[in-house]
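Look at the two complexes coming up: chain A is in both, with chain B in one and chain C in the other.
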Partner chain A sequence: MVRFKSRYVLFEIIYPLTEEVDMSGLSSNDIKLLFHKYTPTEVTPKVIMTDLKKIIQLYFGDVGLGHSTSMFQLKYFSNKTSTGIIRCSREDCGYIISGLTLMTKLGAQKNMIVNVIKVSGTMKKIEEFAIKWSKDNLKQIINEKENRLFEQRILSITRKENEK
Partner chain B sequence: MLCDLNVLWPKKENSSSKIDFSELDKLLMTLTELKYTHVALNYVVTPENVSDDEIIQMNDYINSFYHKYFKDITIPKIKLYTRITIMMEDPSKMQNVIKKAGTACVNNKSTHSGPSTKSNITNNTFDIIAIMPLNEKSLHNISTNLDCSTVDLITFDYNNPYAPSYYFLKHKTISGISAKGIKIEIIYAPMLSSTGNSTVSRVKYINNVKQIIRCSGRNSCKNINHNNTSTNNTNDKNKKNTSNNKKNNLIISSGAANSLQVRNKLGVYSIMMQFNGMKNYKGVTKLLDDNPLLVLLNGRLRKKSYQQCIVTGDDVIADTQIGISDINGFAVRQKEHE
Partner chain C sequence: MSANNFNTSSSYNSSNHKNNPRRKFNENQQKKFQRVRNARTIRTEIIQDIRQTRRQRNNNANVFSEDAGVLKLPEFISSREFEIKQLQNAMHNSKKSSSTRVFQDLPRKLRRRTASHNVKRIPKRLRKRALNEMKKSSQSITTGNTHLLKDKPHYTKKQLYKLKMSVKLLRLATKSKHMRYSINYETKNFKKYQLRRKFRDLKKLVNMHKNLKDGKITSIKNSVFSFKNAEEISTPHANQLAPLPLAKSIKYMKRQKKYAWLPTHVWNSKRSHMIKVWGKNIAYTPTQKCFRLTHRLGNANSCLSDGCLMEDSCYRGKMVVSSNNCTESNLPKLLSQIIKNKNKIVIDGKVLGPVDLYWIEKPSKLLLILHPSIYATVFNYIASKFTEYLCVTDFQYNIGSIDLFGATVLQTLAKVLRREFDIVNIEHRSSSLNDDYQLFMQLASNVRDINALPISKDFNLGFIVKDPRSLKRPQLPKDFNNKVFNFDEVIQLLENRDSNSDVWKNLFTMEGKHHTDILRFPSKSTTKGSESTQSGNTDNSNSAVSIPLIITKTTLGWRVLLPYHWVLPLWNKLNKVPRTYHIGLKQEQQLHYEQNKLYFPHDWPFTPMGYQLNCNEAAAKKEVWERKPFSKKINYQKIDSIHEEELPYCGEIGDWFCCDWKLLQFLHNGINYYLSSNNCSGNNNALTAIDIPIVNAAKTTQFDNQNIRNITCIVDIFELYKETHTAVDVPIELFNVKNGTENNLNLLQKHDIVTKRLPIIPIKFEAIDRGHPLDNARIYAISRSKWEDYWQLIVSKSLKTPSGKTDHESYKEMLSSKYLPKIQDLVGFVTCGTFNLSSGKGTCIGMVVPQELLKYDYSSSHYLIRNTGTNSYRIFKSSPIKI
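Here is the complex of A and B:
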């Protein structure tokens, strides 16, 4: 027997600045925080699934939709960090990645980009990468002095958890 | 390292009104967010209206942009360059425009007789010079008359879906252009900008891009080896490089006018894979980092070198040094410290 092989796709939702936002007086840190807003609670996993299927239907037709949804699950999505993980079959993961990149709206939410970060073969590796990714983003915002304190805090938390 | 050599410079609505830069600011901040490192601002002109004010304004904008947003040292910066693209309809009008944009001359003969040696030094402002041929005659003119010492890039009119239907691109003309070291550009923004049910523009875009990829196939690289007049040492290296890499003469850039029309490395790869049939991941990513850097290097050589082969100085190729062993058949060497 041959094992069924799958791919895991890590993505995040980015909010580019619209016409209404005034850039004057904002530092680069403030702008970075505006990009990584929380997604509103109206955007549920169900909304993401239906919208992705609609876009695949538009660009690839019935054949593309049939291929891509053979093994298609949203494993994880959090509104606070606006990141998520999708599982799909290995042969047809191209449909799903390009469907995510061509998205222009989610439900009633407009002015957003879906940013595909990583594609991996196992759940464990993609989870590790997601933690590392968000840490790196936070490090850029916090200054260097605070940065060291922040690292120490994180390390102490993980050690305590391991001891337990 | 990620490059985007085509971010559109905003147009004036009237001749008297000022340009609104707020949209461009937002676009450049999204590009930093998507981890781009080298970005070129693209100023599109026809040969009739080239203004000197615009050139000065561009350099002022670049300085003010850094001053506004990149005060902190910890945040990675993008490097901004300037680029001009000239819409070419009548080849006879081109000579003056290219002179103005900052090159020696179109033909080698006219450099010695022409009076324009002093004005060239003052007008060396654009980092990249690109040409957009609008008919077959002008494309043929590029392949016969122009060099990589005058032009760095060639683009096509992908954005306009109702433009007169494309002339059939010949394999011979494209290979002739690539043999001279001029790169050809593909844009991905038309795939994202067309909203709703406007399938016509998307179909036409995919059709055009497919045709260009077909022309710049493996055989065009073979042609370089026959025509190459470089020294024996570099010739062997060239043969190895060109036989392995299929699309050496292409680059990919966004062509975006809006902050919603840009994607990161994986996103661009997925678009190119699904719609344009490029399946090798390393092959596509090479068109986003290595080949655009060669274009930037070519532009710098055009401005600062003696006949494109000798440049001296400490920081000449510091930015583009990584992974580049030869340019158009000439070897790149670092000066040894004594």
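Here is the complex of A and C:
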């Protein structure tokens, strides 16, 4: 049986520093936090879609745009954590990934980088990875004592989900 | 988090989900689409509200952080946490939403065929929903009684009469059984009596006891449910093997004549494939697939797993050896004659098998737990050899046991076991009894990894529990997690304590109290009692029932010892705990393999039992192989390039369905004989195994005076093997210092080639690169020169490309036949091997001839392994196994 295969792309938006900041007094946590910000509410999923399409048209022309938008869909985007999941067709996910990396602005928001984290074949696996990735991120930031409490909390969530 | 803190992303998704306008969907379909769509959306947190609250909370906040949206640590954490939760929810919901029928969500082990239209195939709690769903889709409903509508078979009058009579008879027998009585004569010979006499006697019996007031039980001696005589079984015989227990039910008596049913037989036979071996009917493997499950739950490394495995290990024989003279016990000294190294039985210099030892009373009473295949031999040996000093008692149908593996074993037990307060008097409560139960609960609440506990064999916890049936639902005691736990303290306590001798004595009593307990309180009355009391989990009506129970450690897991008849009630309750699974012999072997432990009898080929099993399995495999059509089976005889250049015949060497120990014995003894007879004739340059010619082209075969072949080359050895090999005696033995030196010093005579046993040692192998070893694979040693020229390069990975990948083409080019092993390098066989999930590569357990006895310079730590029927060799790293 032939079916259309898709790819899911997990990405995050990072905000590099515009001015020079003296990092000497900062801990690794602070530095990490410096690069992560809320995405302003003006950046809606619609804005992301149109901007990405514009970029693809600019760099790959009409053919590239036509190819890449065949199964193009934003599955998830959270302004708070600046992470999102895009669905695209398997053959043309290259356009999407390169389009994402070439983005320099989102609506009025300038000075940002899109970081493509993971490409996967199913929604489930990309969600699983997103969970793992967020957990790893958190583990780095939280110190050990808190980490243990946090682990318990997260574990308890996972367990409940399993029992349902 | 308040409800208005998130929105859904469905609004922008729906535009892409537009249905084809030409196709129309009915209401149900549309509803389903909607449901799926809703389930697939992932909630996101709204950012605005939090900003506002922050503004409200802190008006003087840092301008930079507010406007640019820089995160603060707690917010970062909370937002990530929210995201994780939502992603998890999304995964869960999208899985649920796609199913339209209730049984689609059920776990695999609860799924049944025809569940779509037969409600009885669905668990009770879901039947209402299932019926509703069926009504909705106007589906026909059956209840599985179709066979009643079929035409009844026609019987002849004779058949009809027989059937009627048997029904009548069974009815009477059941009645008498429920009254806890049976016919007065031995049930064993029941069949011989005439039908009318049977009726008469049974009726008489039933009528007699009907007249008794409220069916009071006066005697339980001759109950069918117990054994042919309750007294007889309750007092185990000294120095005599116990007879097979008689069946609980007359109907199934005949099936248990040769092979005893274990207490959980009926339960297991519904859920496992059974195997009749060693006088027992044992669960071989569950009908459900469970290779990965066993690995995940039972592996020692998986201490974070969330379940446990259990096996009814009543099939293991249990005997108690006690000293006749209590004051001056010579028990350890006497038993040391047959038990070596505290873990294996050695009789007349021959290893028989493993043994588990537990002290009941130091130093005069010892419990031996043995594999059923060697049980009778050992029992009879002790009974006959040490009659004057020792008394040995057969407890195999008096004491039962359950083996448990996995991380949550102790927790699972804690859910089921409750101490009986009423029967323990105050004196006891303050003494050791109390301690053991407390200790057990402490361990249960904190210990998940069995390896964390001390290795000492004496570790055991004994206490008295109440009837497990009285618990309505297995659950942890209320104060379970409140205990303060100091691990070091507990460990110290465990190491410096004596085992609870009261419980041990109570369990191994010569009186049959525990057997009759269960007769006095059959299940119905017990459950009734607990249901009548509202608190259920704490109270029961049968406070008099007390079960002595001991928890011990085995090499891989835990073992619970308790009276034979209490195994089933405990087993049933344990199976009510979520995430517990039953396993069989096959899984036990798998667990042993994964932890590189030898499993008896498969990995003990130097014992008579192990060798016999090897031969039997080969015969069975051969039969299967022969039944296959030509196109579907490997033609072992025609596989080329297995020692093709050396031997005059092609194909696999030896018997390809088993580990051909006989061949190994002939080969190595033959080489030894050849070398010893040629080297001693004043030759200065001592010959080695490699120097022996394969074929002597100049000469034809010569025979000596006794018409035995002269050994002049390797082919002669093979011809001798073909002529004389018959699987009678065990051709190998376990290597030790004694037989090692003997082998090196003594010059062999020609008949020694056939008779002298070859010493071998157990080794575990681990693939270095590729390799998937299978059972019966051939093991070759690597000679020093080949090792240095070629194989060392492979091990050191210097042949790899800079990117780290192996260049298999260049391997092949380099690998000419001169680096492959010769026939003389064959040193052993793999007894158990496959891809090991716990180490992520091919591993195997095998037996090889130790380096000390080989007549050539070999690499000590690496071997080549070749599966039967193939001609590719893989390199493996070896390390010894302690036995």
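We adopt the following convention: the second predicted complex is superposed on the first by the 152 of 164 C-alpha atoms of A that agree within 3 Å, B and C clash if a C-alpha of one lies under 4 Å from a C-alpha of the other, contacts with A are read in each partner's own complex, and residues count from 1 in each chain.
Here is the rule we use: contacts are C-beta pairs under 8 Å (C-beta built on N, C-alpha and C of every residue); 3 or more make two chains touch, one makes a residue touch a chain.
Note that the coordinates shown come from a computational prediction; the quantities given were computed from them, not determined experimentally.
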item	value
Per-residue touch tally on chain A - higher for chain B or for chain C	C
Contacts of A:Asn29 with chain B and chain C, given as first, second, both or neither	both
Partner chain(s) touched by A:Ala130 [first = chain B, second = chain C, both, neither]	second
Which of chain B and chain C A:Lys46 touches, first, second, both or neither	second
Touched partner set for A:Gly66, first chain B, second chain C, both or neither	neither
Which of chain B and chain C A:Asn111 touches, first, second, both or neither	first
Partner chain(s) touched by A:Leu138 [first = chain B, second = chain C, both, neither]	second
Doubly contacted chain A residues - partners chain C and chain B	29
Touching residues (chain side chain A, partner chain B) in the complex	14, 16-17, 19, 21, 23, 27-29, 31-32, 35, 60, 94-95, 97-98, 101-102, 104, 111, 113, 115-119, 140, 143-144
Interface residues, chain B side, partner chain A - complex	22-23, 25-26, 29-30, 33-34, 69-72, 74-76, 191-192, 195, 259-260, 262-264, 266-267, 270-271, 273-275
Contact set on chain C toward chain A in their complex	9, 12-13, 16, 40, 42, 44-48, 50-51, 68-73, 76-77, 79-85, 87-92, 94
Complex contact set, residues of chain A against chain C	15, 29, 33-34, 36-41, 44-46, 73-81, 83, 123-124, 127-128, 130-131, 134-135, 137-138, 141-142, 150, 153-154, 157-158, 161, 164
